[in-house]
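Each of the next two complexes has subunit A plus one more chain, namely subunit B in the first and subunit C in the second.
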Partner chain A sequence: MTESDSSNRMTAKEKYPWITSFLEGWSIFRQNLLGKIGLVLLIIFALMAICSYIPPWISPMYNPMTGVDPEITSCTPPSLRHWLGTDFMGRDILSQLLAGARIAFMVGISAAVMSIVLGVSIGMTAGYMGKFVDTLLMRLADMIMVMPTLLVVLLLSAVFGQLNIWTIVLIIALFRWPGVSRIIRGQTLSLKQRPFIEAAKVAGASHFRIIFMHIMPNVLPLAFLFMTFRVTSAIITEAALAFLGFGDPGTVSWGMMLQWVWKTGHMFQAPYWLLPPGICISLITLSFYMLGRAMDEVLDPRLRKEDQTD
Partner chain B sequence: MELRRYIVRRMIQVIIIFFLILTVLFLLFRLAPGDPVSMMVDPDMTQEDAEILIVQLGLDQPIGVQYLIYLKNFFTGHFGFSFHYGEPVVDIIWNRLPNTILLFTTSIILSALVGVFLGKIASWHKGKKTDSLMTIGALVTHTLFLPWLALILIWIFAYKFGWFPINGMISEEVWLDPEAGFIAKALDVMYHMVLPLFTLFLIHFGAYLLIMRSSMLETLKEDYILTARAKGLTEKVIRDHHAAPNAALPVVTSVGLSLAFSINGGALTETVFTWPGIGRELVSSVSQNDYPLALACFLMIAGVVLVSNLVVDVLYAYLDPRIRY
Partner chain C sequence: MPCMNAKQRRFSCRWVLILACATMLLTGSCLVSTASAANILKMGLLQEPKTLNVWRASDRWSRKVVGLMYQPLYVRDPETLKLIPWLAAEPPLFDEKTLCYTVKIRPAKWSDGTELTSEDVAFTARFINEFKVPRYRSKWNFVKKIETPDKRTVKFYLKEPKAIFVSRSLTTPIVQKKEWTKLAEEARKTKKPLKRLLNEKIKNPVSSGPFVLKEWRQGGFLYLQKNKHFFGTGKKIQGRLLGPYIDGVIFKIYGTSDASILSLKKGSIDMFWWGIQPGYIEDLRANPDIELFQNEKSALYYMGFNLRRAPFNDANLRRAIATLVDEDFIIKRILQGYGIRMYSIIPPGNAFWYCPDVPRYGEGLDREARIKKAFGILRDAGYTWDVPPVDGSGKVVNGEGIKLPDGKPMEKFTILTPPADYDPHRAMCGMMMQEWLRMLGIPAYSKPMAFGALLQQVKVRHDFDSFVLGYGNLSLDPDYLRNFFISTNDKKRGWNMSGYNNPHFDKIANESASAMNRDKRRNLIWEMQKIIIGDVPYIPLYDPKLIEAVRKGRFTGWVQMLGGVGNIWSFCQLKPM
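Moving on to the complex of A and B:
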């Protein structure tokens, strides 16, 4: 029984080599304290995002955007009815905080996925094609890289008026690929010299097929690492934009909450309103950052060795 | 000689990139919804003034001619008039630029110096309590949400303790006082600068600390460090004179790469502290639909980023001869 079990597992592992490499990576990751803290924090934030559906379901007055407590019309400290108090219109701060977690994940992950897809494709194309295409794409990357994303989005909202949340996500993604593409290009340049690419060429594979079937699987782990850093930068950019008053007025993000505290002049009177959103933005950034650093160690054997010796 | 050629090449690149940004902005403002006249001419202007401005900006000409006029106006310093202030945009920009540069450069230099110094110490105590405390401290401060940190600092140090002014850059009683000399005025600006500077410093030094730490650890594995040890040099000399100068190079690169990030932070800090700089002017001009001012502020910031990038690259090439191929 046990024998057949283990032999089954062996074949599964042989069939899917990524399972073994994932398990190996996981065992290294588990030794990293900061990485574990980051992961736990992220799970808590994910639970918050899921829980954000509960308060409006209990009572419409807990709706983060439109719910107003009929008995309260101003900013009140925490109470049994409102665990974190209410904002200047009598809206529940806790339900806004939960809804903010949902927006943060939505913005962070979708912007990161888009910018990684762009960065990886452009990086691979530049590295593989070389010559003119390479120069053109990399100069473009240089140009976009020096642009401060927040101020670019600000300027675009001046030209096009109020931007909605998906437009903001799209712009962040469009301006955040160059860092990734540079790294991926470097990887591609060295992969290009390997015999298996030569073999694929001889076998008559098209450029498209070589890039996406043979090079991409080899650069994906690195791209995944960069995704965690892109998530943080997207969340911060959206929060900063909302804080300055240029966010999507139809969404309740943490940056938006801070803007309300600031603009209504409650920042010295209502610490129960000022503290939670700021702590949440800082902590979610920190946890993605710690996760990224831990994954860096998993992917880069040099860093790992350094920590295991002396 | 080679360094000079490198600088010239990088300068040409910077000019081309700036030119491209200029062109993209022109297209953006001309192709945006709404007509360009309403974007570049103050709706409160009298009919005659508006017509003079339209001719000056070439808004009655075909788009190709408009572009040439736009370039000519840019190089001769005609940015139009701000809707909000009713003054030439150029005057506003020149008035705000020094304030931004003062806050920005001071904060970058201060956080890089402290970051390098602390990173060196952290790497030297690798694996010990000092190291973990510094690494975690750097990670935490680096990921704080900047505007929130600024609000908290204002709350604690300006509101609760009353040690520093809540906002602004100067106090009127000092600047209107005919008796006050240059030193009194400078001290007044420095007094106002403490909190914004501290905010930017807290956010930035952590990144430099982490980079310096890992770069130091790499450098300590080099052969020449082993040679230095074999010669019997003291650990302090090895650390400060052999390892640190080489390990600091990646910090220079990262200053360049994080410039865009720092500029974003600068604009946020200026806005929260109402520091009269370009970043705050951009934010307020966008919310007031003051297009000519917004355009000019953005161009100026892009220029600042490009020039500082150039300075960082040249500095790097000067410090590391390998880069000047």
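Moving on to the complex of A and C:
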């Protein structure tokens, strides 16, 4: 390696400091077994979600919602034609499972992003502004935090009829921001006492600029960490709603699959239909949780083992 | 015990005696209770009855229990389904000149031991008319006068001839005058007497049926015990010697079918009084302790349209949709074969009134042929598409951008269904219909919603496009055909939910209601069916078969009939094995 190469690399690192911090984080993450398992599982589910477009393309009978095998009119165990068997109408269970992965990602990530955006914005505003604004926003957060999400969604569903998947995502997001906002507020309270914030104030930066240009970059890693946990809770809430019969009937989600197994009386008769969605729900939530734990370690040096911090 | 003195011995003997007596008593009482338990039928229900007030009992769970206590004058024979005298002693006599029905009643007693007389029957009818009891009012409001010449005879004078009088009016449960007079007097003093009566909590109903209420522990169980004053005990009616031969019936409440079926398999209940989902059938069939019964229902499950608003005020669109809806698919796959295809509003099992000669949309066609036919109907009616569902070469493609004959694009519309939690079949039907209609470019959206809210939207507010609903227990008298579609019933909470309005149909429907000649009435009923299926305010979908499961080896004598084995004949004839 020549001297000029080395100086070029230094320049790149200086130019893009996030690359350095990412690489540092990645090296810590790689040493975490839980994180690695979580990531592998997540990649598998992501592949499943991508592959969900393939079966209907092979044959219309693999359409997860409307496709039925013309020769099968009841629940059948796995076969070459249907690797996970068919449901009570002769629909392919594997196609439904793949489509369910897509819905799980969509629901989980959308709801988590929305709740994080809300939680971070409100948390930063409350922490930075303090006084009346802080009190008002945090009491609002307390009020929402104590509301049982599932019950409220069930009530809304009873009043307005079945909710579509995006409404469900929105409701989950609206009920899941207070936890994030409390953590972000705490972090903001600490950050706003730091000299660089004082310096920004002295330089004449507006509140908006201080919050979004100076505080936000410092709380974002924490927000991303919480996002992994929010994904888990969103997926579980959607699955519970669908299982109880309040999901979006137009989508094939894992919760919906479980509801079909239950309502058609195949709970104890068709394990090949019952187990796959159940296992998938458990594994995908587990994978996000593992990922979250590993990221926790990356972001919080106190959690690292001694040999990792060297 | 050498050191025990006489006093101590006497004391010990006394204790031994007391203990022996207590043991004997306990053993005896256990034996008695065991014997009683063996003679008590244990039934599983999915939900708790809401009330034991016969006038308010509109939910099916209350009706099941109330039906074992309050009895009508006439019931259906389980084999012929003809009306036969029950509390009545003989068939009613009709005098055409005076429009008077004379009914003789059997010697019978109420559960409190008092005599059941013609006064009770007359009181029931007058009560319904005075307070306008919702479920029964339409069956009695044409009765002009009621006379009770003696305590066994009742004469009903009608304002006009009414074909439904015997089949609908005389099958009303009879209540005790003594019990309800007090309640009626109290109700009259209030501003809303009917509301007061309907809200009345009947804790100890006085009834005349084979069973009376013993105990109702809400949230736990409901126990009916044998009525020792039941008029049928020891009597032969229609060649059937009636009991009841069991000591009572306990209703246990389970929230789900899974829990009920597990209890049935374990022997905690003798019967699950609800239709078994096809998914459970194979497992239950393989169980040597379970017996399955399959019976037909008099039911109608259908798709309805709101004819009050566009685009469903166009019969061509309704006919096209009827062509697209694949009833065979629904029966074969969604109902797993446990259903009968409906071509008319009247189920085919009701052979006398069922008209086989009605239009059969899409029968025998595959999906592609259905789309082509429906496309043809709409194209001829002036509908256009951005992308027609059948291209120039006759190939079926996904239709897009359907436009009404006036050139306006068809707006999105919803198919309301009960949620899968309430009825998975109807929810799934809505889903499949949505997909079938979209193939033609029709922007349909299935929307399951809570059953109560759905009824409110359809029946009360009339704020809907289309819906999938059903009648699980249709009367065998076809008068409902008139009720469902006559224009006078197109009102808030009225039976004509679709808003169908056809003066020609109204005329025939009213004629049918007053036609006392059965054959003449049948011709009119057939004509009505042809009109309705031609105009398609409803698309009849299916009549589900009823599968019920009972435990073998405990009781014998289940009587199968239309509507299942949970009928009054079974309860009067079941014997412990």
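General remarks:
Here, the second predicted complex is superposed on the first by the 298 of 310 C-alpha atoms of A that agree within 3 Å, B and C clash if a C-alpha of one lies under 4 Å from a C-alpha of the other, contacts with A are read in each partner's own complex, and residues count from 1 in each chain.
Assume a residue touches a chain if its C-beta (ideal position, glycine included) is under 8 Å from a C-beta of that chain, and two chains touch if they have at least 3 such contacts.
No experiment lies behind these values; they were computed from the predicted model shown.
Look at A:269: by the touch rule set out above, it reaches subunit C but stays clear of subunit B.
The larger set of touched subunit A residues comes from B, when the choice is between subunit B and subunit C. In the superposed model, A:214 lies in contact with neither subunit B nor subunit C.
By the touch criterion defined above, A:68 lies against subunit C but remains apart from subunit B after alignment on the C-alpha atoms of chain A.
After overlaying the two complexes on the shared chain, residue contacts for A:82 are found with neither subunit B nor subunit C. Contact with subunit B, but none with subunit C, is seen for A:232 once the two complexes are overlaid on the shared chain. Look at A:260: by the touch rule set out above, it reaches subunit C but stays clear of subunit B.
Within the superposed three-chain model, A:246 lies in touch with subunit B and with subunit C [touch as defined at top].
Contact with subunit B, but none with subunit C, is seen for A:151 once the two complexes are overlaid on the shared chain. When the two complexes are overlaid on their common chain A, residue A:90 makes contact with subunit C while staying clear of subunit B.
Residues 157-161, 244-246, 262, 267-268 of subunit A lie at the contact with subunit B in one complex and at the contact with subunit C in the other.
The part of subunit C that touches subunit A in the complex is made up of residues 257-258, 261, 276-283, 332-334, 336-337, 416, 419-422, 424, 427-428, 430-432, 434-435, 445-450, 453-454.
Chain contact summary for the complex, subunit A toward subunit C: residues 65-66, 68, 73-75, 88-90, 157-162, 244-246, 249-250, 259-260, 262-270.
Taken together, the subunit A residues at the contact with subunit B in this complex read 34, 142-143, 145-151, 154-161, 179, 232, 236-237, 239-240, 243-246, 258, 261-262, 267-268, 271, 274, 277-278, 281-282, 285-286, 289-290, 293, 306, 310.
Of all residues in subunit B, those touching subunit A in their complex are 13, 17, 20-21, 28-29, 32-33, 39, 126-127, 136, 139-140, 142-149, 151-152, 154-155, 159, 217, 257, 259-261, 263-264, 267-268, 271-272, 279, 282-283, 285-287, 289, 291, 294-295, 298, 301-302, 305-306, 309.
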